[in-house]
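Structures for review follow.
Heads up, the next two complexes both have chain A, just with different partners, chain B and then chain C.
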Partner chain A sequence: MAVDLTMYDPRNLHLPEHEIMRSGHMACPGCGAALGMRLALKALGPDTMVVIPACCWAVIIGSYPYQALEVPVLQVAFETAAISASGVRAALAAKGRDDITVMAWAGDGGTFDIGFQSLSGAVERNDDIIYVCYDNEAYMNTGIQRSSATPYGAWTTTTPVETPKAEPKKNMVEIMVEHRIPYTATASIAYPEDFIRKMKKARSIRGATFIHLWISCPAGHKSEERSSVKIARLAVETGIFPLYEVEYGTRYTINHEPAFTDIREYLELQGRFRHLTDEHVETMRRNLEWEWQRLRAKVEMGRKLPLPPAPVKAPVDEGEREPAAE
Partner chain B sequence: MVELNPKYLEDLPLTSYSDNSTELLRTGTWKYVQPTYEDKLPACSHLCPAGNDISKAMDLVARGQLDAAARLWRSANPLPATLGRVCPHPCESECNRNAFGGAIAIHAMERFLGDRSFDPAFLPERAPSTGKKVAVVGGGPAGIAAAYNLALAGHGVEVLDDKPAPGGYLRTGIPDYRLPREILDREIALVEHAGVTFTCGTRVGRDVGLDELRERFDAVIVAVGFHRARPLGVPGEDHPHVFNGVELLERILLGERPELPRRMAVVGGGNTAMDVARSLLRIGVEPVVVYRRSKLEMPAIPAEVDEAMAEGIEFNFLTAPSRVVVEDGRVTGLECVKMKLGEPDESGRRRPVPVEGSEFVVPVDGVVTAIGESADLEFLPEAARDGWRVAADARLVTPEEGVFAAGDVVSGAGTVTAAVGEGRRVAAVVHTWLTRGSLPDEAPPVQGLWDRPVNLDRTVYVEQLNPAYFTEVPRPELPELDPVERRSSFAEVMGGFTEAEAVAEARRCLVCGTCNECCNCLYFCPDVAIARRGDAFGFDIDADHCKGCGICVEECPRDALSLMEVKS
Partner chain C sequence: MRKVLKGNGAVAEAVRLARAEVISAYPITPQTSIIEEIASMVSRGSLEAQFIKVESEHSALAGCIAAASAGARTFTATSAQGLALMHELIHWAAGGRLPIVLADVNRAMAPGWSIWTDQNDTLSQRDTGWMQVYCQSSQEVVDSVVQAYKVSERVLLPTMVVLDAFFLSHTYEDVEVPEQVMVDRFLPPLELPHRMDMERPAALGNLVFPDRYMEFREKMDLAHGVALGVWEEVGREWGELTGRPYGLVEEYRMDGAELVLVTAATTASTARPVIDALREAGVPAGLLRLRVFRPFPAERIRAILGGRKKVVILDRNCSFGHHGIFHQEIKSALYELPHGEQPVLHGIIAGLGGRDITPDDLHGMLDGAWSGKITAPVTWWDVLPVKDRERAAVTMVEGG
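Entry: the complex of A and B
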């Protein structure tokens, strides 16, 4: 959070020191996905297995015989991130190991579009996995094609500036919430303490958890490499990407009240929005306002409602698992 | 536990398996720019005439290392407890915290650190003796700063002063309610402890000649300051109830309580005028300040003017004296003429212009003049003089070989702080000359004398900070003596920090341009290419794996990193 921590301690952020991601990976300079993985594994610790489908991270991790993570990784087909993670969990159960966290780590294409049915199946069964969608809002790895995560108005190679994307971004978090899984949250690389707390919380839950991580992509967003964290922060501060979490499809908590900075500050840093007209921006603003009205209404609704009655999908047993090594 | 049938394992297809670390891949070769840790000059230190390393000291206080901070502050500045009381603190006007809740109370911090370090254990270690001897003419702030730094550098230093005790204007011109004598005495005692000898009651030009000094010493520094009051130049000025402000103030501060008229005009708008008026008030005289320009143009420290006004002192602005009215041998008033402000003059302030026929009389029984001072330089040869200043160039060197100059006699800056800074600079020049036999092209800027490397060409203003990491925190109020109580006492007006208050205030400091190990660079690197140094302060960048994205530079809250082109 943008708290003036210098007031309390000259060292602002307090993150786990242990590194599980290694240097020398193949990510572009300024890659948000690389930073995201680094932070996620700081939270989960070494007793973690990672499943990666086709996505940027299938490349970032390094080609044979190199590997950028100090934990076991299974690389699988595009549409199978969630079901493969379910399989790893079943294999661990068969071996009597319940001390390992299984994380599926997929891009927005592999989550919103191609891996959608297997993800829906896995969370409907409430398999004990953490599914992280690192969302750079297009198929960046294959040449910046639009996905259903691409926002309204954005340029991609399949939505050229003459006809930018006309549809709004699919609301994946709400779709997951409607599966009534124990825990769904959004997170941002610009708010690492919040992201790490959410990953640790997901780790403590037996059942399916879904984390939607917004990341910058200098190559696909046509932005400056050095601005990656700044853009991610502006996505939150403009209100475009709210930081919130939902328990059992019911209890909504907004984790950071944005400053509602002018969205132009966010748009101007990215070449993929350079063609936007005032009309486009106005449409975005109206949509943003409506999204926030809806989110706040859900927060209110969640306050009035009790948690869902039986059958509840899985008990929350926070803290039972060994804490992550730091 | 499920037992696997080995038959199935044999049927599994071959799968590629990677187990070499990507650390073997030197992805750092991709970059064309690279980040480098580079401390820059904070806006506060940029404006500090004494050249204090404010951000580093604030960071130490914030970490609770109060003694280390006090040691750092006193390492080259011999008068922190004094300056923490009398400095006009221009640093605070440019403090980047102004954008986030109000300037850091740097002035109060200097006083806190000064008051904490009266023990000789806080002095830096003295360098081995060089066998060289330096005479400093004038024991004011410039002379003391020069002597202190030269003594610490290993030279033998003697300060000659014509007054009974050293301190110059600090002793004879600044009243106790701003600077208690005990504070000054303790700081001077520390300077003596650092190896400086003070010879008081000796006036150069009367008791000893410049030539004799040049013979006995390897270098001579002239830092005599401004002591001679300028005359008013109006009829009636020679009346015994028309006093010279500098002399009157000196007498009052030495404890004399002369018979004075009941109501007196104090002519002038500088610090001397304020000090005279406020001191007169405290010994039962009713002062009336007469100044020819408006409050905005007053050269006095604004806080001093506000304090004087709070104490109930009467001010007449845009009023210039034209005649002392004497009736039956007694002063009955000061005839003045009203002024209006015209075009700006060479000092940038608007020039006062008399309003025709606006003469009026301010009823007073006496007058004190405090319209500025000049130097007494008759002991110097003609060539070394330039009007009322010493003829010194940008190196602080006079045309007389081995004779240097510092303080008001060079710059006329008129503040104790500027004098201390110039004392430090002349010490650096003299040290180079004595040890290497050469002179620099110009005296180094006072910030260039810091122990730690700082890019002096880059000053960090609020535009260079990353505002995402700072929120508003209000500036604390400092204790101040009640104005009614002040009117009758020379007790100190301003209070200081407690330890807890000092730490809390230092934590409000943004530590501009100075790495404080906040770890943003470490945590936000997508390439895990930044590591703590372990025992030493700061971080190292792994050039083999840094791809030069620049996130660390962008996310540094305080502009302590720079992006440089990679030299192939």
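Entry: the complex of A and C
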């Protein structure tokens, strides 16, 4: 079933008008990461601090002494986005400031791969941060190398067409869900109202929240700049990138029932899939079906389960403490 | 107030006195009792701080970097493998001009596994832009940690306060713990000029093109130059407040000394009675203890060592392929002396992997150098004899 894309006329969107991202950034034309940040900051508002590890946004923001965001930003080492956000949060807590949102904004390499350990640590501690992974499915900033977010069958410079990526994309959302954090959600630049609602929800939660944002990348996906939003929308409508959210690792909600458009419509718009054979596409279809069966089963499971019991905080009573070991 | 503290306990006391606001740390032997003690302080409320119990040393320092960037006074502690894992961020902390204080309990690097002391872990971080202070007693640890915050926050460079594994970290000593009121006067709250600030939103750490990068690095080097004077000033001020003044180096019986032992950390305390004994036997021996190693007090060392006859430099470390590291540094500092004032240098590498350096060892080194029995520029002390150097060099077993 083909999707009528005209129904998504941007003039019908209801978005916050205030812009925190300025126009003088260094993103490529058609960059989904630029649009993503613009929307994220519309949602979070000016009382926000942003942490950015090595990723496209380390460059997009502008070079010294310029920057494109009207909020404080800390650029950090590649693998440290989550702990850096935790560190900023700890400093704010030490200063008695609880009115500021701290957002880590990292790419898929910095999240799925090199930043995985620090992210797991931060969400296990349930640190009060919003972690957004903007996912363009490869190391685009370094010139399109495979990451563990690269989908099955895709070309990258390290998975050439003779041996395209043989493994499925790592399921980062489910890994976050298993940390039992208060809120995990997927989002897409093609569904800005949904994305903004999720960012606002994350902002309202005191604890670790994870947003997995799918973005297009004309340079890395080998697609037309003008098709960025269309491709992002097709990622959702084909079912390849489901829009859903999970509370406390239990309650699953599918936010948008896809049209299950033929995946060829999505694949054909991107040069990174041009080499695929019918067999490849058939494997993708079967995998997609299995993924949806699994997701729907989890929705069902969540309906039957109560939310996990909240942790009990130890009462502070000096008299009952054990003496410090020495 | 007098307390009996081991070196690690002294670190924790000092962190409490300095009112660190964010601690981000990961356990490693023999550093663990530092962070256990601090966790207990935070839990009981005797230290009002946020303690991020991270999943690695890499994150430990990353947490401090972010918290410091947001304006908080920060602390972490580690050893050996942990410090090596931090290496990327060691550079980052200095480049970010963040006044973080890190206590490193000197431990030998693996393989084979060793939990015992030597200095290769901290000295491998020599070129990162951090300041380094080597301590010889629990008292000096308490005093140096507090001073480190003051100097770091003045010159905007991080400091490593270094203590030997077990010989200092786990040895109990009588320590005068300063009063909180006095420390509060000495160390005002941190006001980092380039912090993340809602009133002045800026991006810290953006891409810098070649036309600007060098200037940032020159400033770091200039800050080290300024720091030499600040360490001296702060050490004097501390002396006025506590009766315990500190300098960049410590001299012991250097009047008329023609044979000088140069070393750092706890070995210096072992050396003092050896120097006394040599003096009694008529040997004009003296001791120069290195305390502040970065910034390197080259001028001071030149002034002290110029014109002496023989200098024995004891390194509990080695830059494989070229000397002990203190030896290299001192040799380069002395190059500027006029030819006639240059002492003969003997580098001794000893005590790696926690091997004890006894008074007898030190006596043997000094006596050997003085009597001419030691002639080599570099000697590996107290190692099994090697029969065939070529064969030994390519054999992965001891001796050979």
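Operating definition for what follows: the second predicted complex is superposed on the first by the 299 of 326 C-alpha atoms of A that agree within 3 Å, B and C clash if a C-alpha of one lies under 4 Å from a C-alpha of the other, contacts with A are read in each partner's own complex, and residues count from 1 in each chain.
Note that in this section contacts are C-beta pairs under 8 Å (C-beta built on N, C-alpha and C of every residue); 3 or more make two chains touch, one makes a residue touch a chain.
Values in this document were obtained by computation on a predicted structure and should not be read as measured data.
Visitor: Should the pairing of chain B and chain C on chain A count as a clash or a fit in the superposition?
Guide: Chain B and chain C clash in the superposed model.
Visitor: Touching A:L288 in the superposition: chain B (first), chain C (second), both, neither?
Guide: neither
Visitor: So in the superposed three-chain picture, is A:V71 touching just chain B, just chain C, both, or none of them (first/second/both/neither)?
Guide: A:V71: touches chain C, not chain B.
Visitor: Could you say whether A:K95 touches chain B, chain C, both of them, or neither, answering first, second, both or neither?
Guide: So A:K95 meets both chain B and chain C here.
Visitor: Check whether A:I254 is in contact with chain B, with chain C, with both or with neither, and answer first, second, both or neither.
Guide: neither
Visitor: Looking at A:S23 after the superposition, I want to know if it touches chain B, chain C, both of them or none. Which is it: first, second, both, neither?
Guide: Only chain B is touched by A:S23; chain C is not.
Visitor: Between chain B (first) and chain C (second), which, if any, makes contact with A:C31: first, second, both or neither?
Guide: In the superposed model, A:C31 contacts chain B only, not chain C.
Visitor: Check the residue A:G121 against both partner chains and state whether it touches chain B (first), chain C (second), both, or neither.
Guide: Only chain C is touched by A:G121; chain B is not.
Visitor: If we overlay the two complexes on their shared chain A, which of chain B and chain C does A:A85 touch? Say first, second, both or neither.
Guide: second
Visitor: Figure out whether A:A58 sits in contact with chain B (first) or chain C (second), or with both, or with neither.
Guide: second
Visitor: Could you tell me which of 39-47, 111-119, 129-137 or 147-155 in chain C overlaps chain B after superposing the two complexes on chain A?
Guide: Clashes occur only in 147-155.
Visitor: Using the superposition on chain A as set up above, list the residues of chain A that contact both chain B and chain C.
Guide: 61-67, 94-95
Visitor: Could you pull out which chain C residues touch chain A in their complex?
Guide: Those in contact with chain A are residues 9, 21-22, 24, 33, 36-37, 40, 44, 48-50, 52-56, 58-59, 62-72, 88-89, 92, 196-198, 201-209, 212.
Visitor: Could you please specify the touching residues of chain B with respect to chain A in the complex?
Guide: 1-2, 16-27, 30-31, 59, 62-63, 100, 468-471, 473, 507-511, 516-520, 523-529, 542, 544-545, 547-551, 553-555, 557, 563
Visitor: Can you check the complex and tell me which residues of chain A touch chain C?
Guide: Where chain A meets chain C, its residues are 47, 49, 51, 58-59, 61-67, 69-77, 79-80, 83-88, 90-95, 100, 117-118, 120-121, 124-125, 127, 318, 321, 324-326.
Visitor: Residue numbers of chain A touching chain B in their complex, please.
Guide: Going by the criterion above, the answer is residues 2-13, 15, 19, 21-32, 34-35, 38-39, 61-68, 94-96, 192, 218, 224-230, 233.
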